[in-house]
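What follows is subunit A paired twice: with subunit B in the first complex and subunit C in the second.
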Partner chain A sequence: MKVENAKISATQFMFSIVIFIRSSSLLSAFFFSITKQDSWLIVLFGTVVCIPLLWVYVALAKQYPDKSLIQINDEVFGRIGGKIVSVFYIWFFFTLTTLNLRDLGGFVNKSIMILTPNTVIISIFIILCAWSVYYGLEVVTRYSIVFTIISTAILIVSILATFNIMNFENFLPIFHQPVNSYIHGTHIISTIPFGELVVFLMIAPNVEGKEKGLAKYFYGGFFIAALLILLVILRDTAVLGNMLEFLSLPSFEALRLATLFETISHIEILFAVLLILFLFFKISILFYTSILAVSHFFKIKSYRPLILPASALIVVYSITIFENVIMHTTISRGTAPFFWAFIEMILPFITLMVSYIKKAIKKAAGSSKEASAA
Partner chain B sequence: MFNFITKKLKYGLRRAQESKVETADVKSNKEIEELPITGRLSADLELTRKVMGTSSDIKIHEFRYGTNSELKGALIFIDGLVNSDMLTQGILKPLILGKNLNSYQKESIAKTLDTVKQTILCSGDVTEKHLIGELVESVLSGDTAFLSEGFDKALIISTKGWDKRSISEPQTESVVRGPREGFTENFRTNTALLRRRIKSPNLRMDHLTIGEKTDTNVCVAYIEGVADPGIVETVKARLKSISADAILDTGYIEQYIEDHPFSMFPTIGYSEKPDVVTARILEGRVAIIADGSPFVLTAPMLFIESFQSSEDYYIRPFHASMIRILRYLAFFISISAPAIFIALTTFHQELIPTTLLFTIAAAREGTPFPTFLEAIILVFSFEILREAGIRLPRPVGQAISIVGALIMGEAAVSAGLVGAPMVIVVAITAVASFAVPEQTDSAAIMRIILLILASSFGGFGIAVGFLGILIHLASLKSFGIPYCSSLTFNHNMQDSFVRMPLWAMTKRPKGIANEDIIRNDMQIPPSPVYQPPSNE
Partner chain C sequence: MKQISRLFILASVIAAILFSSGCYDIRELDRVSIVTGLAVDKAEQPGNIELTIQIGKAGALGGGENVGAPDEKPVQLIDAVGESVMVALESLRNDNSRILFFQHNQVLIIGEDQARTGIIPYLDTFMRNKESRFEVWVLVSEGNAKDVLETEMELDEVSAVGIAKMIKNHTETSKSLGVRLLDFLSKITERSASAVAPIIKIIKEEDIHRLSLSGLAVFKKGQMTGKLTEDQSIGFSWVMGDLKGGNLSVETEKGSAQLAVMSSSSKLKPVFNKDRLQKMKADITGKFIIAELTGFKNMKIEQVIDLLKKGAADSIKKLVMDCYKKSQQLKSDIYGFGSYIYKYHAGRWKTIEKDWDAVFSNLALEVDIKVDIQDTGKTGKSPEMEGIR
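For the complex of A and B:
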């Protein structure tokens, strides 16, 4: 059973990963308050920690090249066990979609449209994403390369524009935080942007030439994204210094301080543009994977009938999920990484191990059969 | 007993009447057209007259020819569609004053016909037709039919020669540098213009006729071995599936065969210039030429094609690339300038530098309408001016644009009805929209959509509008090729945002041409070596 027949190129897949992770860097406030000026180290630690995690994902995708995550679960854990595991993933995908939508609504509400109710903004945006999801994977991932180029260009412009107000003493002292906070920060960054890549196991079967180079593109996208995030955090730390930990949107504030030729002063509008572009991309991918997962779960022939009910569900969920931004930040800093770690790290690892054991048992059984036959 | 007889009689009578009706039916035009040519001249001419009616331009000329003028013949042609020189010099003169047919006449009638065809008629294109319908069809398309007593076929002699517009410089796509020829309304001239540029035997021109009433000649031109056979087949299949009664312009064909009839973007390209169409055919596209239209369609079309002008390739690459980037910018301005202005002035005043903000506020002081209404009024009055300017005779059109643009704009500002900044923004928009002529129509619609979104949701509305446009663009396909291929960097980028030098444009666009991808093998800059003249 194939719900989606579209094929996307490996480059598109890679840059989708870049945008997907990069969009989280816009809301990087979660760990700034924990690790302060050493946050850039956290990115490096997180990258190192996530390499084995990516290896698990790639190994799963290689083990079952034509199956999505939900179908892999069915294969590995059997019919009932698979469904139980899949429920976790589906809840996770929907929650991620919701959280990102809420982030967007919160940002727009706070900085652009102060008087408009959040519901209106969220509803408009989910309609947009639903429209793109309706056309399928090809359309959802089509602009990944363009968006990457735009975002990199804007990053370079913003670094140049803020260069005169950067203070490199802001990085000192290095390694001056308690060890706990490094572990805490690494945990956050490896679960909140990086580990979310588990979503791409839903898309991996539709990548062209996945037999040869899926691992290359998976890792490639991940490293490019990590590098971009590193640059963003270095810029923010250098510009903002101690102010960093008090702000909810550090990048936004960093750009607000930049001036070009006296007249062009408010280049934080670039940040707003980027945020809307990226979150559109990320929400579309998450929305797409959520309903694709549901359709694989119930073995429905097409995911399109699910778009409308799912949109409604996501809108309601994202309005009611938090009371305010503070709650969101607190939960993202404390509770969420533990839930996420279970779903992003432990579950795929267990799945991979079980599949290996099953394979080994089958092989042993096969060889013993052969031996008995002989 | 009597009853029985009368019944029988009645039955007989009815049968007779019915058979009479049947014979009357035979004389409907459709059925006559199916009849073969009998060989009895008077009967054949009678049938032809019945089909073609008594129109004054249909000429049936009966004459006698042969050694002693004992053979009866007739020419059927349409006055005005045939070349009368050709008719008299090439057909009538040799027939009447011509060769001795006596000896052949005796042998057989078929032989005589062959002789007439091979040795008497001075024409390069003579065919034989057997049905009345076929005869009528060829006569209607400008040929002359020759019928003779005793021949059960008609000779169709090609004498097409009507008045036509000569090749002239097209009005729509004028260039500073490059060929100035344009297509004309004449089908053969257009195919010849293409054939003259591509002297490859692989240039195929497959012929079709579309339109039940008009029977328009349509030709599908492509290079075999370069064009994707799948696309060629799709184009032909879609053309064949058209069942319309008229094709008056290639615009009709475009609307019948396009992929997305409900999209505001055109998914089939057109051009009036043979060099442009040639270049597109050489890239692997398929051209559709129709009789009576100087516009030739090309498919598949990509979005970036609208930003490529033929002149880009005739001038050196640096300036060409700069102009091309400028066109993208102009397109962006033409769809979004009024929307951005409205979003800035009504929602995000803090983003405008202070001095500029004061200037705008001063200009808007005392204007009665909200900015949105102002923008809508100005955008619509510009569209009205444009439309009026196109339709009016040229000298009047200039007067209208001066009165409309200068006097009305100036008066509206000085009377305090609209703010001067808005007039400037709409004027920039108007000028910018002409930089990308193929997308002018879609830009006008997008501009208004963005305007409405911007005035209701500010910058967020513009972002939503642009994302919507991007989604829509990504969902479009033209004959199986994604419409925004090169825009999204997963395509051949040698000829998209910048134009690479010609020697570096090594490949034809991927996807459009699937065979024979390599366009040139140079890949390195040309390095001419100076050879001093030898002294010997």
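For the complex of A and C:
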């Protein structure tokens, strides 16, 4: 039984991954305060750490080419075990959607529309996302290439515009933070933006030509995104120097300082546009995967009836999830990476191992049967 | 029929969304007061500050002769006393019929008395507030900061805007240097913990008062420790390598000259003797063109240039050392030597971090100056030199 029949091309899949990770550039403040001027190293470490993780995802997708993550769980852990594991994932997907929505509300509230209540921003945004999700996966991912081009163009413009105020001494000294902070930072970046790619296991069965090139596109998207994030971090560090750790929106402030000429200055609105674009994409993908997961969980034929209740749930959840920004930052820095690591890293790994073992047993059983038959 | 009514409902909903949204937190010009300048002074009550806000009046500004009453001042000053910036702002809000709008704020002027007491707790508000910007110019006023905002300028009716323009011009001629709030905070929170800000003062000539930028205020850990004169601040710029213009006067025994600075650069290097910091070395390069020559009778231009190069190096050295001695006296590492050592020699920095103040005030500075005179201007000779009789 399949809920979603839409097919997306492998290129769209790749650029979806790019945008998905790139949208987390808002979160750089989480590790800037920990690793300071060495944050760009953290991106490199995180990338290296996540390569085996991606391998697990790709292996899972290859093992069960026609099944989404929830269906894989049913297959691997049996009916009851599979449901228990799936509950974790569904909770995770919903929480991610909520967190990103909350981030968006917070950002718009902090930078552009200061007096508009958060609830209004969040509700309007979820309506937009629900609309795009209603029309399905193709609609959500179709824009990925355009968004990537726009965002990369803006990134290049912003680097050029801030080039005259960059100070490359800001990167020094390298490797002089306590070792702990490198581990902490790497943990954050590998779980918060990078490991979230686990949601793409819900979409993977719908990729055209996945038999041949899924791994290539999966890795490709990941590396492009990591490179873009690296550029963002480098730009912010070079522009802001030791003020990095004080600011809650480093990229926003960096662009605010850009002055190409008297007339082309204060290009921070570009960042705002970009961020809203990104988060629209990311929330749509997350929203889509959340309700797709639920529909696979209950074996419902179409996910569409779930859109309305799920939107309502997400709005309420995102208003109540944190009492304030401080709680958000503390949790994202401290507790969340451990929860996420369990869901993003350990669970898929266990799933893959169990599926290998099952296969091996089956094979052994099969061969022993053959042997006994002979 | 049903479809048409549905369409109608849809259209009206869309129209409602389009036309009535976005005005949620609208602020019309007649509802806001545009803040152009801020001044922080020490209040008479101990522990309190006096916050003065300069508000530009849109009606009295620029809009031709018929707009506004003829005698109406283009700016309004309001002030309040409070134990913190926010407390003072609150009481200002209560007394004002309009919303204060901070996005166009140009300058933040700190009175000398308050600067000497300490400014860090008051800067926090400007950093945290959603509306304020980091590019605000930070200045220190000789005397009351409020008076500076009160002084009218001849050409720029809003003095805060005039001061912002002045800073830009002066930075080009290197007489003073502009310091933005972000740079200031960045310097204060660095390893060296010292920063500078330009000094603004009121010059009283008969019945005319005008504003003038002169010299730099030196801050250490958020407290003003002393002042640099104009010449010393040029010496400071030479070491930092960010002198972009202005003139250098050179005196030699044969004649004198004014050299226009084209560009300058500087390279710092700490010299270590077996892990002990021995001295700092600064390699300064200056590129000039000749702007004015007097004297040098019966000399060839090549000889003059040789003389000038030597003379220029000497005068730069004097400016640099003068400033350096002053900063050592104030125990304020305004050059950021400490940060520099931390950046390039982080291991060694740990050993001197604790008593950096003592180390800095006894640290020798070796200056190596390279002068390059690139052009002689439109003429290669001068009326007093050989060749013209």
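The criterion applied here is as follows: the second predicted complex is superposed on the first by the 374 of 374 C-alpha atoms of A that agree within 3 Å, B and C clash if a C-alpha of one lies under 4 Å from a C-alpha of the other, contacts with A are read in each partner's own complex, and residues count from 1 in each chain.
Simple rule for what comes next: contacts are C-beta pairs under 8 Å (C-beta built on N, C-alpha and C of every residue); 3 or more make two chains touch, one makes a residue touch a chain.
None of these values were measured; they are calculated from a predicted model.
Contacts of A:143 after superposition: subunit B is touched, whereas subunit C is not reached. Once chain A of one complex is fitted onto chain A of the other, the partner contacts of A:116 extend to both subunit B and subunit C. Once the two complexes are overlaid on the shared chain, A:125 sits against subunit B while remaining clear of subunit C. In the superposed model, A:242 lies in contact with subunit C only, and not with subunit B. Of the two partners, subunit B and subunit C, it is B that touches more residues of subunit A.
Touch criterion not met for A:160: it reaches neither subunit B nor subunit C. The interface of subunit A with subunit B overlaps its interface with subunit C at residues 113, 116. Of all residues in subunit A, only 9, 11-12, 108, 112-113, 116, 121, 124-125, 128, 131-132, 135, 138-139, 142-143, 145-146, 149, 263-266, 269, 272-273, 276-277, 280 touch subunit B in the complex they form. Within the complex formed with subunit C, the subunit A residues making contact are 110-111, 113-116, 120, 169, 172-173, 176, 240-243, 246, 253, 256-257.
The touching residues of subunit C, counted against subunit A in their complex, run 24-25, 127, 130-131, 133-135, 182, 185-186, 189-190, 340, 342-344, 346. By the touch rule above, subunit B contacts subunit A in their complex via residues 347-348, 350-351, 353, 457-460, 463-464, 467-468, 470-471, 474-475, 482, 484, 487-490.
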